[in-house]
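Next come two complexes, and both contain subunit A; in the first it sits with subunit B, in the second with subunit C.
== the complex of A and B ==
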């Protein structure tokens, strides 16, 4: 039972404003002030830039009224309505993700494909998909699933390595031997004994074949599964030698839009078919996939009939219309609640279109903005600010970011998985792993220009790549964000509760099964968020690009081995332009474009994360 | 409590449950009407001179224990006495703790399970485990039960899932929501789901590490009933803090005391009514632990 405290201290306040209280309040006030100053500084900065880029004051009052009526009012009304109904809100979010995610991805795909030309990429896709699909099909046929996964990965890597210039790597290997052991006379003068193409073919055919053979031998596999060995040999041999001769000329004959069909429509149709088949039945899956292909063909035929090049419309159809169709179809077939929510993005888009239509009718003048179709779609002009465009730079940035993601994601996540799940914790090996971990965390803070020097040394000097090509730019920036990717992926993997791992092991799952079925699905949202935020940071990096001599150019890069281009480089190069309009308007507009690219990527990250999280719970 | 009181206890094996003089708790009888043991006398797991070290620290000392087929064996003892460690030795979960060092012999159906040619993953497929805190995977109820079958490369059929859920006394509660997330179930249901998950793959032995300690009394009693039923088909080894629980559901009881020593292992009735070792009596009567 409570007794009176014997010290007799009163629980009442001594005075209204005691010193103690004033000190507390003052501290709180300082913290509030710090927060406000930070936010205000950022707001002023971005506001100023936005003001310069868009020039909102040049628009007339009618224009604002018009767009308030057609855009702001209906959208806010819809937003308010959907806030009240959770089902509508969820549906709305799905529709937004489908429409704008699809648009963003298909536009990005389109600009990259049209810069590089679809034929070469189609060849890559064929090379990289036919062999693993054949392996998977064969695995299903002999009903052995254990080695299908590894075999698929191996053949894909082999084919891609070949097409991405493994000759360079083979030479680099010999160069490395020469560099390290140059003081030993024989080793220092070692050169490839045969033509590199033969060597690469031998390595890339023999490697996977031997690997599969050893794997089967070690596992005492059934006699039947040894038929796999010639299949893998044939596929990797074909992939490395045959396709170059047979497929390339055939693929080049295809009209552009047919190449786009193969490049975009077929994979999208396959994904839709698999997703639908998994949720309903195989027949429905095939129907859905067929519908996607039929729709694409219809778009192509209509465009041809109107004598328009169908390429863009084919890409847009597969990338944007199909996901929207999937979301709508899913909502209708499954008879989900809140289907009104599907209208959300269309209220927004309709508002913009309707406003633009009425703009001329009521003669309202919009803002004299610097963010114009010219800026987004034409090439740079250093003399006439209104004619300046940064299409090549935008395409270059998208290509660099794609390379960066492809390089840093697998390596970073792989390293994180190793460090978290496999690395020993005790003994000398454990101490070494710990040492590496600490150093990775330190690398995250190394200045970007240092990574530029690293890229310069590795790609330009050692590997002898042409200066400033897309792949070395992407790889350099990939190295820059690698520590961030590793650390954030580690955090995500660490946050998966141990009890789940133990549960999985207790069921007789192997380490790999536990990782794939339990740990990774839980960690994916965190991994994706960390990676994409890192990508967003790197898209604006300038210093490393300057160091590896990425040029400031006006034509789009035509491939991974062409010299790159990047929005931040253009901003940097034009900051010294003598004409004030550049510094006052065009550069601000370019900065807004850069931010928009970054925000789009972050939005994709958020959508992906939410998707996985709702799936998980 | 004195020896005299112990001796006063009438021999009451002919009743369904007997009143122990030590605690006044129900003890399940281990013999049927004819005086034969209910379970089989076949030994599934034998441990011989088992020592476990975590780094320098010795967690188990020289444990010798036989676990019999289709019986419920309870392991009781104060915190930190090594009972969970012992349990984890049985399906080699200690392999996952790098610092753990196991010496001695554990035999499963006569095979030394720490031999070089033993695959711990294959071993765990025959010795299932249920943990202290319910740990269903963040997947659907169906996928949770199917998980073991899938990772073991066995065919998943709706019948197998239904049977496992029925055996775990969960079917009636979840049969209409098999596609919903297992995380939405209550704690007791989650634990029964974990049991269903473990028995879906038809293990020979089920290890339970304080399966009811995180649950409320009603959920606990459901789990206890379930364990009783499971013992008809499976060999169950259960670690528990709760002595009443051990007394109610187990056929044999092992008492570990601090330092990882197996002090006494015998029929549950014997342990709770007339233990040989004074320390066991002290522990059961609550003098320490």
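== the complex of A and C ==
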């Protein structure tokens, strides 16, 4: 027994000066250095740009003192406090998400809507939502409502396509008839007896109605299903003829702020109503939704009384005040634990406001930074660097990213679901799925500039779109991130435990029911994480945009079919500018803004993933 | 009995509507998956369509073997070799930066780092891959090139003047004879002669790096290298983490140190993953566009031969940058120059596709199954 420690000692003593030991230490040192080089490169990159963009040395000592006293000290004290109380920390995270997420989303929505004008968008929202709502309502009314799910999807697609396409179709038919019978003397000189608008109306309403009627007659359906016929007639009439001759003029008559009410307030109210109704009861849900609408109307009326344009305030109320109100209300009524955590974001905001007030009072000089409201809110100025801003580019980037997300998210998630849940291992379908997987892996490695060439050939040359419009930019980048979205969605779906699926099947659920009610709700955080990361990466993509000829412009894009603009393009275009105030001032600030955006998206994704992982365990 | 089973089966059958609904959803989802094949087909069609028109006007042999690329000036010439060599220079430069650093980081993260360090360091490294490339390009052009171009000794750059003293990074006694660019060493036949001359003039050489142009391959390739570090480190680290612990334990049991285990057990076992990460990272470097367009400039040239280092101090043009240049040129119409962009794109696509396939094959073929 006594010899044991001795031998240990002797072994250690022997090894202390051995060559091996030194070699191992040196090797470890090299490895640490290699890791640090990467991280140091990141810090150097951020450091240089931040230093030039913010110019921290131009601030006075008093300013820093103020900065620490009003901002750093209170927020870090609060953070330390909440670290020790898990309930407070959770509530704090929710409050931060509600306040800053709400602010960010409502500001982004505002800049896009105000650039494109609310009326056109409202029209499309109405068109896309009326028909599925009608189907859903009908489904509530009949007993066997299995059809509601697919019918809502199909109806929305059909109405949108028919609305946009029926007019083209009718006029193409006219042309065809003219081409076929125009040579016959009498027929050629005949004109349709009614105005084209009425003809379009008749064809676009009658076509689908007749189709449905014939289908029902041939299938010998029950009398009840004939209730569909007037529904279809009304829908197609409303959706097509009504679009041009009734709906559009009416919507255009609405004052701006009422259009914003329809565009922002109604969807938010609907979401709130559904969420509350799921958690409590239908009646409370309706009350909550009604409260949101009433609040919005109140904001509008107050703004009108003060003779301010209520549009912005309505959007801000729906996008930011309502989620904050929901979280606060929830904390007061249901989750009383850790309510103090709600104060987190307000400590931060209060600190900023109080600091700004004191800064004026004691006359402290802040840093002479390039990141100013001018940079974010005014358009580019090539002569006066202090007047240069990137508002148009920021709006363009937001629009492109929205188009990209709308296009790649459904397709990517759908493909991932197919590959993970439906595709068999063997047989022709199995080989097909295997081939698709290999194909996706290869697509992920294709250089971004090649996607640009694809966009150029597809949108600019083949479809003959004007060069560099928002929708082709968004679609090109959407194709670029599609493989990333698919792979991350696949991983998220794969990580849902099989026991859950088997439990669902065991209770008699079909494959789709299992997917919708069990697998997807579990996988959503993972899917969102991957999508946000992909979007964060695509926000800085430049090469494809240059190839499809997105211009560097100074006015905001006025719609999806107007030429786009993007922040990275501005950086590319101005990097060769020799004037130092641009080269190391405005551009550094823009780069910092872009980096901050990317890092924020990464952070959101990581927080989401961590939360999801802890919830799963 | 069988009657009973039949009715049971019938009652277990789903209503026809549900079956059709399920089929509809499956087809919709399969359509989403098939769209990715449409994307590949679209890429191939759009590239080869333009490239075929181009090869109708310029012979493919001339394109692949020509040593002059001047599509926009004078009589256009379309030799792709200068562009390929430019790409090669960038790839070599970035490989020198990224491959050792990435491998070192991967070994550290997989074998040495404790879990808490790894939880911070791995995402931090991966941020490097997410930084927009246009920002890297801006950094290389505006910040890195002036730093590299500053006259040596380096301390003037590294140590700010307000510190009041300077630390010589390169001690003055070292500056006597490091001929970085000995003004063009002639080819082999005169080699001996050169050496004698060389020894004579040694005292006149000082530590000189030829001054960099505003656009140069050096800063571009260093930046591309930094960008691809996380590709190497992440994929290699995954491969090393997949090496089973039993191998490590066996090696420790035989008296190995951590160094031995890392270098002679883990790295050899993970070779296939490491090699495939290298190939993938280099294919990313080939396809990189913004950094090289902004920082390496747009002057296509064949490589300088024995004086290899000058390739890095001069401006080069790579394939991706040539595409950007053609696209940015005003109103080309459907000329051969415009179509040449598709030919370069096709070359690029084939090259990166081949590298990705090689990486996958290496990973599959040489994977040690445990």
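Quick note on the criterion: the second predicted complex is superposed on the first by the 494 of 617 C-alpha atoms of A that agree within 3 Å, B and C clash if a C-alpha of one lies under 4 Å from a C-alpha of the other, contacts with A are read in each partner's own complex, and residues count from 1 in each chain.
Going forward, contacts are C-beta pairs under 8 Å (C-beta built on N, C-alpha and C of every residue); 3 or more make two chains touch, one makes a residue touch a chain.
Because the structure is predicted, anything quoted here is derived from the model rather than measured.
Undergrad: Which of the two partners, first being subunit B and second being subunit C, lies in contact with A:88: first, second, both, or neither?
TA: After superposition on chain A, A:88 lies in contact with neither partner.
Undergrad: Figure out whether A:49 sits in contact with subunit B (first) or subunit C (second), or with both, or with neither.
TA: second
Undergrad: Please indicate which partner A:503 is in contact with in the superposed arrangement: first for subunit B, second for subunit C, both, or neither.
TA: first
Undergrad: Quick one: classify A:66 as touching subunit B (first), subunit C (second), both or neither.
TA: It touches nothing on subunit B or subunit C.
Undergrad: Looking at the overlay, does A:536 come into contact with subunit B only (first), subunit C only (second), both, or neither?
TA: second
Undergrad: State whether A:482 touches subunit B only (first), subunit C only (second), both chains, or neither.
TA: In the superposition, A:482 touches subunit C alone.
Undergrad: Tell me which partner A:273 touches in the superposition: subunit B (first), subunit C (second), both or neither.
TA: neither
Undergrad: Which partner does A:518 reach: the first (subunit B), the second (subunit C), both, or neither?
TA: Touch status of A:518: first partner only.
Undergrad: Give the label of whichever partner, subunit B or subunit C, reaches more residues of subunit A.
TA: The partner making contact with more of subunit A's residues is C.
Undergrad: Tell me the contact category for A:426 with respect to subunit B and subunit C: first, second, both or neither.
TA: So A:426 only meets subunit B here.
Undergrad: Would you mind listing the overlap between the subunit B footprint and the subunit C footprint on subunit A?
TA: Looking at subunit A, the two contact sets intersect at 146, 510.
Undergrad: Could you list, by residue number, the parts of subunit A that touch subunit C in their complex?
TA: 20-21, 23-24, 27-28, 30-35, 37-39, 41-42, 45, 48-49, 146-147, 149-150, 410-415, 417-419, 422-423, 433, 435-436, 438-443, 445-454, 456-458, 479, 482-483, 486, 510-512, 533, 536-537, 539-543, 546-547, 549, 568, 571-572, 575-576, 583-584, 587, 591, 594-595, 598-599, 602, 606
Undergrad: Please output the residues of subunit C touching subunit A within their complex, sorted ascending.
TA: 14-15, 17-18, 21-22, 24-26, 28-37, 39-40, 42-43, 45-47, 49-50, 100-105, 107-109, 112-113, 121, 123-125, 127-128, 130-139, 141-143, 226, 229-230, 233, 257-259, 262-263, 280, 283-284, 286-290, 293-294, 320, 323-324, 327-328, 341-342, 345, 348-349, 352-353, 355-357, 360
Undergrad: Okay, in this complex, where on subunit B does subunit A touch?
TA: For this pair, the touching residues of subunit B are 91, 93, 96, 98-99, 121-122, 124-126, 128-131, 133, 135-138, 147-148, 150-153, 181, 183, 194, 197-198, 201.
Undergrad: Subunit B touches which residues of subunit A in the complex?
TA: Listed in rising order, the residues are 145-146, 424-426, 430, 497, 499-500, 502-510, 513, 517-518, 521-522, 616-617.
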